[in-house]
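Here come two complexes built around subunit A, the first alongside subunit B, the second alongside subunit C.
The block that comes next holds the complex of A and B.
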């Protein structure tokens, strides 16, 4: 079974925002809600780098851990999805998320901010695959159509990669070898493994204890 | 299987179902797609509205009421080309029931491999088109009023004919567009010819005219020599005045590949530390407007160390000694004094370029938009010649053009100085096209006021407002301009907007033909004789467009024109009918109803564009290439197997001979390593065979398989006769040649032979139709034969004016043109900061289309000026604060300050895509209702100033002076 991951290659990302508009286009995301964003560091200075950020679909997803109504679930492919019918818009996931992924359609606290919305890895939600209800709440289900997230598929420089982690790693590894250096697969340490094995074990124990 | 795969139709159906449902729920009745789109416009998604929308409303309506018929309708994939920049990305549209419901990556395209930038990834917004100009509109006492197409054609046509009667055909300016397809561009130029004027032009004048003229005058053709893909083979990449990461983002796919795989150093020279510079190995910050000094500074080190390619220069370059003499003056100390770049850095750059060959050189509007733009472009070429980098794969001058079809529109002569195919305006050119059009030369002559005006270069678009405002006795035409037709052009892309506003108000008639109202609709305070006609976009029609690399790609129609929009060729037909020349204009072109058949237009230009090699790309061949994109190699662009085996993608011109000859196109210009029949070539013999006793022809260099192992002039019938090749002409070909040549059959050349026989026989025998010459470093027909530095008209460096003065005031292109009298006025005390401009990735051109697209508009909501912290602090300006930027000619814009080190000290930068504000005033209320772009802002060009290239009248947008003060 494939494990789906995102990888943004900071050596290639040019901050063109194709991923952002592709996401808006594919999922008809309204103004003010940004499932994906491009973040720039050292703007306008030597060392300027940009990274495209959305929900990274973490292995041990903190959003899932903190959600008081347990609306998150992880698919067999590792995609972190949520159920908008259960979501109460409390915003805890936003505080927990290391990537700032959760979005809310309205301003305000505790429930008044509306149902949380975030990147679904273009794979919908709990409703029937490719149903109208699914599209209305979560956008297109490209995985069900046999396609990958459009943000990565349309990336201008193929900086943003999405898909089976093995394949993503292969592509990235090839680039690192060609370059002779790696600038780091940004966010991978946070999203897909904890800092060291011990920490992971502790986490697991904590969870089991609950 | 990695993912679940379903056999059902693509998921896009959801959207269309919901779209049709929206109509039902809003109107309570069945409504067709067109009606839906009209309805949806009522709920246009502006910022305030959309932000409060509950998130469940990601689509237009409740799916529960979806029409069952729509659900099962098949989804069709349509392939077309992105309508933004010149990279030429394939767009794959999913269409159901005539509605554009989804967009998929075009992975098969060898040019973009599925990639898009923000603009390309959002072109489906078209399906909504909520901010489009919907109907023909007429200004009645200051109010936009809807009229019918018939009324529009009738009224505008009558007024134009009245002006023609009263003031002559030259009183009307036909401003065409780089957004037209090749067919429309060609037809537009032909239309202007039948109207009887050379006052016809388009955006190329203000983006790359100095490239076209400059480069063509070095080695023959003024276009990108290689391709985006070919950069993958480069060993070094030198970018000057090009911010590819924002202006041509998908090109970076190829550039970063070269950087990664060849370890090719990327050098970026730019006054701004751009996003392209952020990816560079070496960044050179230099003072705007000192390109020549910078290039000569690099070349100084190359020559000093003997790193130039002496063998190449001896065989393929003319006049290099004159360059040596000029470059000798540019010692490291002098270069640093003028450009601000330390000599040690340029020595390192020179060594990098010399030790990593072949290298490519890329420039864009940072190099072209100067009053010495033609000097800049020629200096770049000379640097590449010195390194022996031209005519080789991985090398070349890869000039990235700006619009999706600006290369095509230039080639098809939507310019005031030439007929299609760079034939010029001389009698021979008119006779050539008269033959192609099947009309008599005399009938064309009769359309003009005089033979003199028929052959005189018209007013360039950069100066049209001077053509209105200038007293008529100062003009080289009988009357000043009285009517202006903006046919796909944003006014805010031009300098001196306050002057333009005055001119717009003085005109007797102002007409806009465009999918959007553009800033023209709101800039002036006209009250009448002002029309807006809705044009269809390229997604609403079909035809060919030429990417920057000269590949000609065929795009299919995605959807029918929205609202009451009509295709440009249909509008041309309607006007031609009104003017009474439709029969002649469409002599060989079938017209269905009011719409001319696109393929027939292609076939007509195929029969006339010999000089550029636009003759082999038939509609059938272009469609075959688009269908079999996957068979083309992603680096070489050459098809491997399949029905296009051996051909280059899009048959980049020159594609010699007739379509039947099946020339593969030319991926890299002037490449002698290939036979001409397989895409090889040589520098064009365009400037004669010798000058002052020195040969201009190549010496010992020739395309592979050439029968002449040396240089030779352009191929003519006489030359074929001399070589004995004329016997290979068929009887039919010979008959055509005899008919054209009459008594002087030997004079019929590769450019005038309508049979294609001369090209066929030449290419078959290994000859390059345009000859085999040297590139020339000295353009003796230009004001500065050897490119030299001249200080900008508005310079902060008064100390350099004496050493590097501008030109004397002169008269050119029918107009007085000022240089010295502008430069003599020292304003540097009051306006101490250099003002320059450029692009943002989210927007394009004047920005009307992209600022109307919510997915893009959300990303850039404020017009801004970039200021260095040093200058901001000195002026007491904080980041994010509103400021006034006042140009040296007193045009003022109120914008947000962005304090950043991206610009150096003493330099301010503004993007040029914004419009809809004027000198602090928001003009939103002046747009036709519902057609105002989502984002409005001050147009940078309200603050820009006078200055025009000495050869092409390119506007100076990149170097002027301003002052920035806090707005209270």
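The block that comes next holds the complex of A and C.
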């Protein structure tokens, strides 16, 4: 199986914010934290587009690279997760993330932010699958239930796609062919490709093989 | 004399808190290595089911 990825088709997104609501409701995300947001580009101008943004689960995640306590790990399917027991809430990942995904539930005295919270691709955390502890800390583990992230599954226009990268890119490719143009797979270049356009996953596999 | 003993006992208690076995988090960090609880991997069947579910997003 290829890795898990999100893809937002900007031509289909109608800015309904249902993905944001679904995510908050499914994972019982605390006040002040939005794991997913809908962003408008060129607001009110020709070429206005909206995209749904959350953690893109980057191939070479910058949050993981900068974390001083190494609380991040990547599953075999490429989902970037973190351990809240190890997180010290320093905020480095927030500054490193190109998508603004890491969020902090508190703004207390002495700069305390609380444990970082971000999209888990609905796959929970390191706690026991589908346990109360896992739900309280990380939200629902839908992958363990055989389901995909709710934001994508309930998207009414199927602008937001999630799951196996091969299938997701096949679906998007078919759409581009059918309508004769594409709007670019927003965020894919930043999350999954190197500057010279090579896929980061392939590059990593090649390095490991050497 | 008594104060000295209190300080010594206090220091001993504080140092005991630095024991790696008793600490709730890893004390020695190896850069780039995740030392927390490992996650449960998904089985082949689960992955196949997820792959099929991904294909249902086509319309």
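We adopt the following convention: the second predicted complex is superposed on the first by the 191 of 210 C-alpha atoms of A that agree within 3 Å, B and C clash if a C-alpha of one lies under 4 Å from a C-alpha of the other, contacts with A are read in each partner's own complex, and residues count from 1 in each chain.
Definition applied: contacts are C-beta pairs under 8 Å (C-beta built on N, C-alpha and C of every residue); 3 or more make two chains touch, one makes a residue touch a chain.
Keep in mind that what you see is a predicted model, and the values were worked out from it rather than measured.
Of the two partner chains, subunit C is the only one touched by A:126; subunit B is not. Once the two complexes are laid over each other on the shared chain, residue contacts for A:83 go to subunit C alone; subunit B is not touched. Using the contact criterion defined above for the overlaid structures, shared-chain residue A:73 touches subunit C, although it does not reach subunit B. In the superposed model, more residues of subunit A are touched by B than by the other of subunit B and subunit C. Within the superposed three-chain model, A:190 lies out of touch with both subunit B and subunit C [touch as defined at top]. Touch criterion met: A:164 reaches subunit B and subunit C at once.
Residue contacts after overlaying the shared chain place A:135 against subunit B, while subunit C stays out of touching range.
In the superposed model, A:31 lies in contact with subunit B only, and not with subunit C.
Residue contacts after overlaying the shared chain place A:144 against subunit B and subunit C alike.
In the superposition on chain A, the residues of subunit A contacted by subunit B and by subunit C overlap at 77, 129, 143-144, 146-148, 153, 158, 163-164. Residues 2-6, 8, 10-12, 14-15, 17-18, 45, 47, 50-59, 62-64, 66, 102-105, 113-122, 124-125, 245-246, 249-250, 252-253, 256, 260-261, 263, 273, 275-276, 278-279, 283, 841-842, 854-856, 858-859, 866, 900-902 of subunit B are the ones touching subunit A in the complex.
On the side of subunit C, the complex with subunit A involves touching residues 24-26, 29-42, 46-51, 53-55, 57-59.
For subunit A in complex with subunit C, the residues that touch the partner chain are 1, 68-73, 75-77, 81, 83, 85-86, 125-129, 143-144, 146-148, 152-153, 158, 161-164, 167-168, 171, 174.
Partner subunit B is touched in their complex by these residues of subunit A: 2, 11-12, 14-22, 24-33, 43-46, 48-50, 77, 84, 104-106, 114-115, 117, 129-133, 135-137, 139-148, 150, 153-158, 163-164, 175, 178-180.
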